[in-house]
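You will see subunit A twice below: alongside subunit B first, and alongside subunit C after that.
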Partner chain A sequence: MKKKTPAQRLLLLGLIAFLLAGTATLAQAAPSRADAANGEAVFSARCAACHTIGKGKLVGPDLLGITTRRDTAWLTAWIKEPEKVLAAGDPIATQLLAEYNNIPMSNQGLSDAEVADLLAYFTSVDSPPADPAQTVAPLPEPLTGAAKILALNGDSDYGEKLFTGEAPLLNGGTPCMACHSIEGVGLIGGGTLGPDQTHLYTKYGREGLAATLGTLPFPTMQGIFAAQPLTISEQADLLAFFARADKQGQPRTPLNLALALGAGSAFSLACLLGMFFFWPRQRMSLAQRLRKNGKL
Partner chain B sequence: MDWNTLLFAIFPYVALFTATIVTIYRSIYRPFSISSLSSQLLERRWLYWGSISFHWGVTIILAGHLTAIFLPQSILLWNQAPLRLYLLEITGIGLGIWATLGMFLLLWRRVSVDRIRAVSTPMDFVVLVLTLVSMVTGIIISSYYRWGSTWFTGIFTPYVWSILTFRPNAAPLLPLPFIIKLHVFNFYLMAMAFAFSRLVHIITWPLGYLLRPWQIVIALRKTRTDAP
Partner chain C sequence: MNVRVHMSMLFHLDKCIGCHTCSIACKNLWTDRKGAEYMWWNNVETRPGTGYPTQWENQEHFKGGWKFEKGYGEPDAISLRLHSRAGALAKLYYNPDLPSLEDYYEPFTFRYADLFNAPENTQQPTAIPISMVTGKPLHIESGPNWDDDLGGSNLYARNDPNHAGLSDEVKAALEEVDRVVFNYMPRICNHCLNPACVAACPSGAIYKRAEDGVVLVNENNCRAWRMCVAACPYKKVYYNWNTGKSEKCILCFPRLETGQSPACAHSCVGRIRYMGVLLYDADRIPSAAAVPDEKLVAAFMDTLLDPSDPAVVAAARANGIDAGWIKAAQDSPIYKFAKVWKIALPLHLEYRTMAMMFYIPPLSPVMSAMKDGRVRLELDDPDQDFELFNHLHKARLPLKYLANLFSVGNEDTIRRILRKIYAVRIYMRRKTVDKNIDAATLQALAEAGTSPEEAEAIYRLTTLPTVPERFVLPPYHREMAIETLRDPLSHKGEAGFGYNQPPRRGE
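This part shows the complex of A and B:
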C-alpha cells in the first residue's frame, strides 16, 4: 500500500480504539476468595454426573475424604487440567485411570476461582466447621434423575431414531449421530468428532451411563446440551438403545474414513471429467486462432 | 481474558469491522481498484482448469455454510435419514477436493508461469495461501471429524449468531480440536485481508454481470514483423 492518507490513519486509530474497548469490556474481574457455597454449585453442575460425596462410586470415585487422601496442589492440577496430569504420567492418575475402566476424567474448563471454590467445598465436607451456623447444606442427590431413568423401561427402537435424528430431540439438542458412531447404524457410520459409542454401555456401566445422560458433562457437549438437555424419557430410550448396541462388534472407523474420502475423491474426479467436455467450448483468443491458421 | 475469547469473540469484530469499513472506503475512493485483475490474456489453459474448479467448488461450499447458518432446520431435516446425510457430506468433501485441486493449480500457475508471476503482488500470494489453508483444513474436518453438516448446526450456528447479534459467546469453541479452530480463525484472517486484496471481488456490484452474456477477452496488437 502507498503512503497513508489522513483518512487511513484515522481509520487505523479507530480500529485500535475498537480493539482496546472490546478488551476492556471482556476483561474479567479479579477472582474473589474461595467460596464453598459456589463450589457446591459447581459440583452439582459439573461433577455430580460421575462423582458422589459419600454415596459410592459412579463413573468416577466417591469424593468423600478426598482432601485428606490427596494434597491440595495435586487436586488443583488434576481438577483444572486432568489430561495434562495424565499425559505427564502421574502415578496416582495412571492408577485411577486403570481402576475406572480407562475412562479419563474430562477437562471441565473450570476457571482457577471455580477450582478453588470446589476445593473449599470438599474441605468443608471433609472437616465440618465447629460453628454450627456455618454447617454446609445437605449433600447433593445426583442419583435422583438417574434412578428415574433406570426405573423407566426405555424403547430401544425409538432410542435409535433419537440417535440418528430421525426423531428430533424435544429440547432441540443436536442428534447424537452428528458426532458419535455406533456400529451397525448407517452405511458408513456416524460422526467422529466425539468418541465411538458402540460399547458405551459396558464402558460406563448401566448406572454410570444413566447418570451421565442426565447432565452430559463433557466440554464439547456442554456447549450444546447445557441449555437444551435430554428429557427423562429420551434418556431412558437412549439407554435402552445403548444396551442393545453393546452387542455389536468392533467399530470400523478407519474403513468409514476411507469410504467417505474415497467417495468424495470419486465425486471430484467426476467434476474434473465433466470439465473435459466443456474445454472444447472454450473459444480461442484471436492471437491463438491466427497462430493456428499460420498467419502470425 | 483467555486466548479463546481473544481469537473467537474479539478478533472477529476487528476483522469484520475492518472488512466492512475499508471495503466501503475503497469502493468510494478507489472504485476502479475493485477487481480481481483478470490474467486470462496472459495464460488461459491452466486458468481454465484451476479457476473453474476452484470457483464452482468454493461457491457451492460457501452456499452450504450460509444455509447452515441461516436455515439450520433445512439441513437437520435433510440429514434425518443417514443416506441423505452421506449424500450431502460426500458431495461436500468432493466439492472441497475439486476446489482444492483447482487452488493448487492456480498457485502453481502463479509461481511457475513467468507472465503471471510478473503481474503478481504479494497480496495475491497471501490470498492464495489463506484460501488454501481454509480448504485443506475444511477437507480434514469434513472427513476426519464427521459429520460436520449436523454438528455445525449445534455448535457453529449459535456461535455465528452470537457474533452477528453482538452477544459473542465463544465458550462452545474452547474444547474443539485445533484444526477446527484453525479453520475458523483462518476465516477471520481472510476477512481481515478481504478489503486489502482481490478478495473484494466477491461482493462486486452491480451484479448485472451474472445475467449478461459472457464476454470474450481479446488482445489486439500489431503484427510482429520480426517473428521467426
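This part shows the complex of A and C:
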C-alpha cells in the first residue's frame, strides 16, 4: 500500500473537521426556528375561545404583553401542561385561578413545536419588528363566532331540547345530558362524567360561555365535538338555555366531607350497637327451646 | 296412562326391634366422612317422640312439603309451603326455616387417648366427649335417637307433634307406668312421587331418575342454597358443611344396580324390610296430590297400578319398561301389602309429597290393666285374644296417634288395618296352637274383611319369607342404558386389545 504524504493527510483531516462542524451547526439551528404565522393559526384554533390579544378578558386573561409580564420558561411550562403547574402550587397560577372564577386552563395537548410557535407569535405581537413595512396590516375586524352568537337571540326551549337530546344536534354530536346535568332537568338528572352545569352561565360569563361553546376546548369534549361541532344556531339556543337555567337558586355549596363522614360513622355505630342489643335474642332452635323450657 | 316404575321399601313396624343395625350399616357405607358426621340417611326413631331432627313433623316451624289450596270453583291446587318464587329470591341468602345443628345434634366422639395418657391418679381415667365438628370438649345434650330407652320421654315424647287431636285423658294415660308404650320407626328418604326438595331447588340440582324413581342430588350442580333441606318435610336432605353440597339417601342404587338390596334392608336383623317394584301412573300425580285431606289416602292408592292388568302391562311396555321389571312388579311384596291386602300406608301423606316408602302400623303390647280385680293376663285365652280385636280404642298406642302418622288422621283406616292383622293372628293361633278353627275366629276374619287364604298368605309373607321373597329386585340391565349412549358393537371385528390410540380430549 502506497503511503500518503503529510500534505494529503492534512487535507483529509481538514475536510473531516469541516464536515463535522457544518453538521453540528445545522443540528443546532433546526429547533430554534419558530414560526410566528403557525403560532397565530394555533392561537385562533385552540386559545381564542378563552383568550384575546388586546380585546379584553374572556374566560381567561387578555394576552397582550404576556411575554413582557411572564418569563418564557414559565409560559412554556404553563401552556404545555397547565394542570401540572397548578398542582405544583405555582403562586402565579394559583392567583390566576382565583382571579378567573376557579376555571383552570385546560391542557390543549400542544406539541413542543406548537408551543414554541405560539411563543414566537406572542413575541412578534408584543415587540413589532423595527421595519414598519414588514408589519402585517390590521385586517378589518370580522364578526367572530362568539359575537355572532351573542347577536342571535337563541330559543331557550329548543336549547333545552338540544341539551336533553330530545332534538338531535345537527352535526351528530352527543347530547350534553349524556355527561352533564342541570338541576331540574330530566327525572334522574344527567350524566356525571362532566361537571354540573346549572350555574355555568355565572361561572363563565355571557361572552366567555359564547366563546367556549364555539370550540369546546376541553380534551374530553374535543374527542367528541372536534369532528362534529355545534352549529351557530345551536350554540345560541344552548346559550339562552344556560342563561335561563342559571336563574334557579344559588350555586350549591359543596357537601361538607367531614360532616358526611362523621354522620355515616355515627349511623354505622348505632346500627352495630342495635345488633349487639338483639344478638342474644336470636330465635332459638326448637331443640334448644325444648331443653330450656320443657315445652315449645 | 303414563306408566312408570318405582323401587319402594316397606317397613313392617310390628317386627322392628329398634336395634339400629340399619343406621350403622348406612353410616359405615355412606356417611362416615368429614362434614357428614351428623347425618343419618337412615335413622330409627322411638315413638312417641320428637324424632330426628327434633320435631321434624312440626311444619308450622320447618315449612316442609306442600300446602293445599282449595280452588273455590277453580281446580284445587298445591303450592310449596316454604316459599313462593319471589319469596325464594328474598330468602336466598338467609333462610330462617332451616333446622340448626342443635335440632339435629352436635356429633360427638370420645377422646380415647385420655385413657392412656392420663397421669397416675387415685381414680380411673375417663375418655371425655368431644365434638366431631370443633374437636372441643362437649356437654352431650342430644343424639340421633335421644328418645331411645325413654331417655328423655317426659321432654321429648310429650312434645310429639302426632299427639294432635288426642284428648288430655289419653295423653295422661300414655305416661302411666302400666300403660307406657313405645315403638320404633325407621326412616329413610321417601323418594317421593311429588318431591318438595326437587321443586324448591333453585339450581335444579335434584332430580328423580326415570329408571327406578330414586331421588338424587347432582353434586356437580348443587350450589348450597339449602332450600331442599328446608322444603323436605321429612328432613331427609342434609347439608354437608365440608363439601358445601347437599346429600341424601340414594336408596343404595349402586347396590340395586348390581342385584343387591340396600344396605339398611340387607342388614336388618328383624327382617322388617321388604323391597319391591311398584307401577304407577304419572298422569295421576297432580290430581292425587291436590285433593282435600280426607281423600288423600284413596287418591294416592289409585295412582298405584295393578301390574297384572293387561292394559297396564301393555302401557308399561309402550313406555319402554323392561319385561323383567314388570315381572318384578307382579311379584312385589310391597304391592301385595299395600294394594292387595291394604295393610300398608306411606308416612304423612298430608305433606302431599306422595311418599313411596310404606309402613305397616304396629300392634300395641299386651295390656296389663286390671279388670274386675284381676290382671288382664289372668283372663281366659279367648277373651285375651279377642280383647284388642273388639276394643281397639283401648290399645295402648292410641288409634288417633297412628292415624296422625299414617292415614292423615283417619282412625277408621288404621282400625281396619289393625283389625285385619289381629284377625290373622287369632286365626293362625287357632290353626297352629289349638288345631281348631272355631266359628268365632272365622267370623272375626270376615269382620276384618279377609279370608282364611288371605290370612295364610299374609302370615307367610310376614313371618316366613325367604330373602328372594322379601327383596324382589328387578334386573337393572345397565347394559341397555349404556347402549343408548355407546354402540357395544363398535369394537366388533377388532383384534383383542384394539388399537393403541392416544385418548381423545374430553374423554
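We take it that the second predicted complex is superposed on the first by the 203 of 296 C-alpha atoms of A that agree within 3 Å, B and C clash if a C-alpha of one lies under 4 Å from a C-alpha of the other, contacts with A are read in each partner's own complex, and residues count from 1 in each chain.
Here is the rule we go by: contacts are C-beta pairs under 8 Å (C-beta built on N, C-alpha and C of every residue); 3 or more make two chains touch, one makes a residue touch a chain.
Computed from a predicted structure; not experimentally measured.
Q: Once the shared chain is lined up, is A:T202 touching subunit B (first), subunit C (second), both, or neither of them?
A: It touches nothing on subunit B or subunit C.
Q: Can you tell me whether subunit B or subunit C touches more residues on subunit A?
A: Residues of subunit A touched, subunit B against subunit C: more for B.
Q: Have a look at where A:Q248 lands relative to subunit B and subunit C in the superposition and call it first, second, both or neither.
A: After superposition on chain A, A:Q248 lies in contact with neither partner.
Q: Touch check for A:G294: first (subunit B), second (subunit C), both, or neither?
A: In the superposition, A:G294 touches subunit C alone.
Q: After lining up the shared chain so the two structures overlap, which partner does A:A178 touch, if you call subunit B first and subunit C second: first, second, both or neither?
A: In the superposition, A:A178 touches subunit B alone.
Q: Determine, under the contact definition given at the top, whether A:N107 touches first (subunit B), second (subunit C), both, or neither.
A: Once the two structures are laid over each other on A, A:N107 reaches subunit B alone.
Q: Return first, second, both or neither, reflecting whether A:T72 touches subunit B, subunit C, both chains, or no partner chain.
A: Neither partner.
Q: Which residues would you name on subunit A as touching subunit B in one complex and subunit C in the other?
A: 283, 285-288, 296
Q: Can you list the subunit A residues touching subunit C in their complex?
A: Checking each residue of subunit A against subunit C gives 283, 285-288, 290-291, 294-296.
Q: Applying the document's contact rule, which stretches of subunit B touch subunit A when the two form their complex?
A: 1, 5-6, 9-10, 13-14, 17-18, 21-22, 25, 29, 41, 44, 48-49, 52-53, 56-57, 76, 79-83, 85-86, 89-98, 101, 139, 143-148, 150-151, 153-155, 171-177, 196, 216-221, 223-224, 227
Q: Once bound in the complex, which stretches of subunit A touch subunit B?
A: Its residues touching subunit B are 1, 7-8, 11, 14-15, 18-19, 22-23, 26-28, 107, 109, 164-166, 168, 173-175, 177-179, 185-193, 218-220, 222-224, 256-257, 260-261, 263-268, 270-272, 275, 278-279, 282-283, 285-288, 296.
Q: Under the touch definition given earlier, write down the residues of subunit C that touch subunit A in their complex.
A: 50, 53-55, 58, 61, 96, 99-100, 102-103, 105, 141-142, 155-156, 158-159
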